[in-house]
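Structures given as structure tokens follow.
Look at the two complexes coming up: subunit A is in both, with subunit B in one and subunit C in the other.
Our next item is the complex of A and B:
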């Protein structure tokens, strides 16, 4: 019983971390219809920035986190204004732009700070004892923040005026524009928020695991799996998608080989795409 | 000065110049060079470390040239390094090797390090008969076997680390009887598992359960750490892996309550593992690694550290050494062969019993293990993390790879 409880706790924690990483990506995809492959690179740079602010400049780590999120939000505004805006509606061009951003960001990190192995100090030291299972506070806090951010994002989109306008743009951009909704302003907000969330995710994951120039590539694969499962246009569905992928990654390795674990994860996504291409809770694109 | 004196001075000056200049040109013409290619990731994900390997190669070039170069039949040759970028990909490695061999006419290549690039380059260098000294071997036959007669291994490699690691583990912790083992699931498990079992048994230990494989795209290593710990071994061994992975596994092991020894049968700097695992989890961990303050650090490594720090402004110790030895061993083999012909150099190298490396005098072996006697094996230091502090744990000497 004990190992099973430990495994389940581990699965929930990892799932929540995937949710944290996927939230920003899902927002940009749902609102702007942009598959921002640079999300992983932004997540990575956000983590390194947090490290520089906290360890390099000696700031309080939570302040460093806020500064990192703010910096990447500004970067998101730049990306939307000068790179993505000219390619609205042009799916393939925006994908190519996002890939170019990956190269620029990864190369910058590789040539500057990546030579030294780094990990952020923990945001929440200590351990919590849940019965016979011991869980690290940093994983719990990371998981909690992931769920909280997702909830905040869902509430914002559904309840606030700006959020409602974002939904309108996502459903019919031309119609929304005709109604007087400022598309570019909303796209900028979505992009800034998406990048800020990526930076927050990268910072927490950089403390739980480590910081390296390829961490964004690895997490992007998981994010894509989560978003495909939950469905495009569904923000709340990220929670379910994260739970499925996180559980597969946490539980299966204990009982089978890594190859089968990976195959099962991919098979789930493929099976869903065959049966329900829009995902569990999503809308059809286009 | 009158006109006559001026013309006389001018004539004398021109005569002197006419005598000096041709001699200077002749002197320059007497300096010969041997061009050694150096293949490394100068761009891409591996560039952060492999640019330092290239620096190590440059340090080797400087060492060789400052010690008189390479003497072949009375003529002195200086080493010229020809770097090429493999872009951290297999395709980049093939195109980089192609440029070196077919465009630049290089006959000897130092590097690479990563297994998939090492394997990829053999498709170019072996058919062309280009001599190569690689900086690492992860234990797969695609990188290094009887089918790669022009490839030499200038470092102990993974199998060398398994041999020395098992010996050291039993010596330090004689009560160890069972070990669980973590290896990346990148196709190398099937090749490394027999060596792991063999050398564990040779030291009176056994492997508990199956090898725990982990995929290269793993984000969270906790399940794999738990799997290894739940086998109930006396120690956990990690074969291959990078600091982020090792630190994550160590952290997960310690947080799960596993307090027994963890040993890395590969090469890392413990400070990097400490950075990731944190001080609390960094205890009872040991790996083949160099430490800057090791009192037994070989003189050549001290030179590399001192010179490298002055020249490049940072302390890239382990990576420098990994880049130094491939170039250094090629130069010695050329000197031994007294020939520039790769075939003659290959044969001469195969006849050598020992060769000098940054670590000191190293043996040459590997016929039984790899299928060819091309493996350079030298002494290695063990570094540890005990109660959050990096600690030099001594050296393993007289390592033999059969």
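Our next item is the complex of A and C:
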């Protein structure tokens, strides 16, 4: 019973961390129909920025987190306005643009700060005891924030007027524009929010794991697995997608090699794409 | 460009490429040319696949199948590389056919996703059998094609590239290619005139992967060391970028794209760590200013010059 509980806890924690990382990507994908490959790089830069603000400039770590999120939100606005706006429906052009952004971000980080950085200091030190299981407060806080952010995002999109407009744009951008909805402004908001969430995810993951300039590539694959599994257009479904991938990634390594774990995760996604490409909860890509 | 002009241009380029190695000496330049030939061929094969609308983001994985098959057979089976290279191509083609059937009905962006994850999966499989494939450090001790000398390698890859491009060109121009383009435009209408989507897509995948497997096997026996990092997701994305930036609508697109995007950063090597900025700059410039890709440069120059003459 005990080891089972421990396994469950670790699966839930990892899943929530994936949810945190995937939330921003899913938002941008659902609203703008764009696969923002640069999400991983933004996530990485967010983590480094948080480090610079907190360790480099000595600010309070949560303040540094907020600053990092705000900075990346601004960057997201810049990305939307100047880079992605022209390529709304054009998948391949947005891929190339994303690649270019990734190169620029990774190189900049490599040239400036990456050398002396190892990991972010913890946001929440200490351990928590849940019955017989010990978990680090850090992972718990990260997981909680992940779920909270996703919940906040889902609520916002469902309840608020801006959120409703976003749903309209996601269904039919032209139709929404004809109704007087300012699609560019919504895209900008979605992009800014997505990048801010990426930065927050990067900061927390940078504390739980470590900071390096390639962490974005690794997380991007995981995020895509989660988002494809839960489906394009589905925001709340990320929770389920994250749970599946997170469970696979935390349970399987106990019994088998990391390579097989990755192969299984990939196989699940491929199988789903062959059978139901829209994902578990998604809609057809517009 | 008329057919005759195009043929003359090709012959001129080939003649130049044949003469070039007699003039260069530095091993670095040799390697640059050889790798360019490899990537040009790979990018061109990617386009063959893209004719029907299937844009693969995992093409480097098929290259790796060819490379690892040939390398393993030659290293552990003691077969001659000349025997194992075609087998590498065949292996890639067989895998392509096996996955081609389920993948054939997957449309556009979902196919890109599927191919992306397939590429990752293939590398995971290598990892699982890491004892044979050399784990992350690579598989070493692959028998070379030509012991020692550099020149034969150059001519081999030049010949391979020309042969593969010729075959891919014929493939595209013949009935199969036309059917693929029809499927790309509308698979429903194509089916209504009897063009089987699955059959032709599998054909395209088989042809494309045979070529890239063959060239990958050649790469293995040239490099004598292969590891996962030569065929991972960034490598697949690179091939995709070569094709898209060069211009997906023209056969010469991936050729020019691969040549430019691979050679230009090397030419500006002095920039060292700043080279990715140049690469990103080229990508953004092409995407914003030249939607038809780099192949559009001669036309743009032509019309620009004409407008000046008015």
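Here, the second predicted complex is superposed on the first by the 285 of 286 C-alpha atoms of A that agree within 3 Å, B and C clash if a C-alpha of one lies under 4 Å from a C-alpha of the other, contacts with A are read in each partner's own complex, and residues count from 1 in each chain.
Following the convention adopted for this analysis, a residue touches a chain if its C-beta (ideal position, glycine included) is under 8 Å from a C-beta of that chain, and two chains touch if they have at least 3 such contacts.
As the structure is a computational prediction, the values presented were derived from the model and not from experiment.
Trainee: Quick check on the subunit A-based superposition: subunit B and subunit C, clash or fit?
Mentor: clash
Trainee: Taking the superposition as given, does A:156 touch the first partner, subunit B, the second, subunit C, both, or neither?
Mentor: neither
Trainee: Using the superposition on chain A described above, determine whether A:97 touches subunit B (first), subunit C (second), both, or neither.
Mentor: second
Trainee: I'd like to know which partner A:260 touches here: subunit B for first, subunit C for second, both or neither.
Mentor: The answer is second: A:260 touches subunit C but not subunit B.
Trainee: Based on the superposed arrangement, let me know which partner A:6 touches: subunit B (first), subunit C (second), both, or neither?
Mentor: A:6 contacts subunit B only, not subunit C.
Trainee: Should A:88 be classified as contacting the first partner (subunit B), the second (subunit C), both, or neither?
Mentor: Neither subunit B nor subunit C is touched by A:88.
Trainee: Give one of first, second, both or neither to describe whether A:111 is in contact with subunit B, with subunit C, with both, or with none.
Mentor: Touch status of A:111: both partners.
Trainee: Would you sort A:78 into first (subunit B), second (subunit C), both or neither based on which partner it touches?
Mentor: A:78: touches no partner chain.
Trainee: After the superposition on A, what does A:221 contact: first (subunit B), second (subunit C), both or neither?
Mentor: After superposition on chain A, A:221 lies in contact with both partners, subunit B and subunit C.
Trainee: So the two structures are superposed on chain A. Out of 62-70, 80-88, 134-142 or 242-250, which stretch of subunit C collides with subunit B?
Mentor: Of the candidate stretches of subunit C, subunit B runs into 134-142.
Trainee: Output the subunit A positions appearing in both contact lists, the one against subunit B and the one against subunit C.
Mentor: 106-107, 110-111, 217, 221, 257-259, 262
Trainee: Would you mind writing out the residues of subunit B in touch with subunit A in their complex?
Mentor: Contact set of subunit B toward subunit A: 43-45, 47-49, 51-52, 185, 213-215, 217-220, 222-224, 226-227, 230, 242-244, 247-248, 255-257, 272, 275-276, 278, 314, 316.
Trainee: Taking the complex as given, what residues does subunit A use to touch subunit B?
Mentor: Residues 3, 6-7, 10, 14, 17, 106-107, 110-111, 114-119, 121-122, 127, 134, 136, 205, 209-210, 212-214, 217-219, 221-222, 249-251, 253-254, 257-259, 261-262 of subunit A touch subunit B in their complex.
Trainee: Give the list of subunit C residues in touch with subunit A in this complex.
Mentor: Counting only subunit C, the residues touching subunit A are 55, 102-103, 106-110, 112-114, 116-118, 120-121, 124-125, 127-128, 130, 233-234, 237, 240-241, 244-245, 248, 273-274, 276-277, 279-281, 283-284, 286-288, 291.
Trainee: How about subunit A: which of its residues touch subunit C in the complex?
Mentor: It comes out as residues 35, 83, 86-87, 91-93, 95-97, 99-101, 103-104, 106-107, 110-111, 217, 221, 224-225, 228, 257-260, 262-263, 266-267, 269-270, 273-274, 277, 285.
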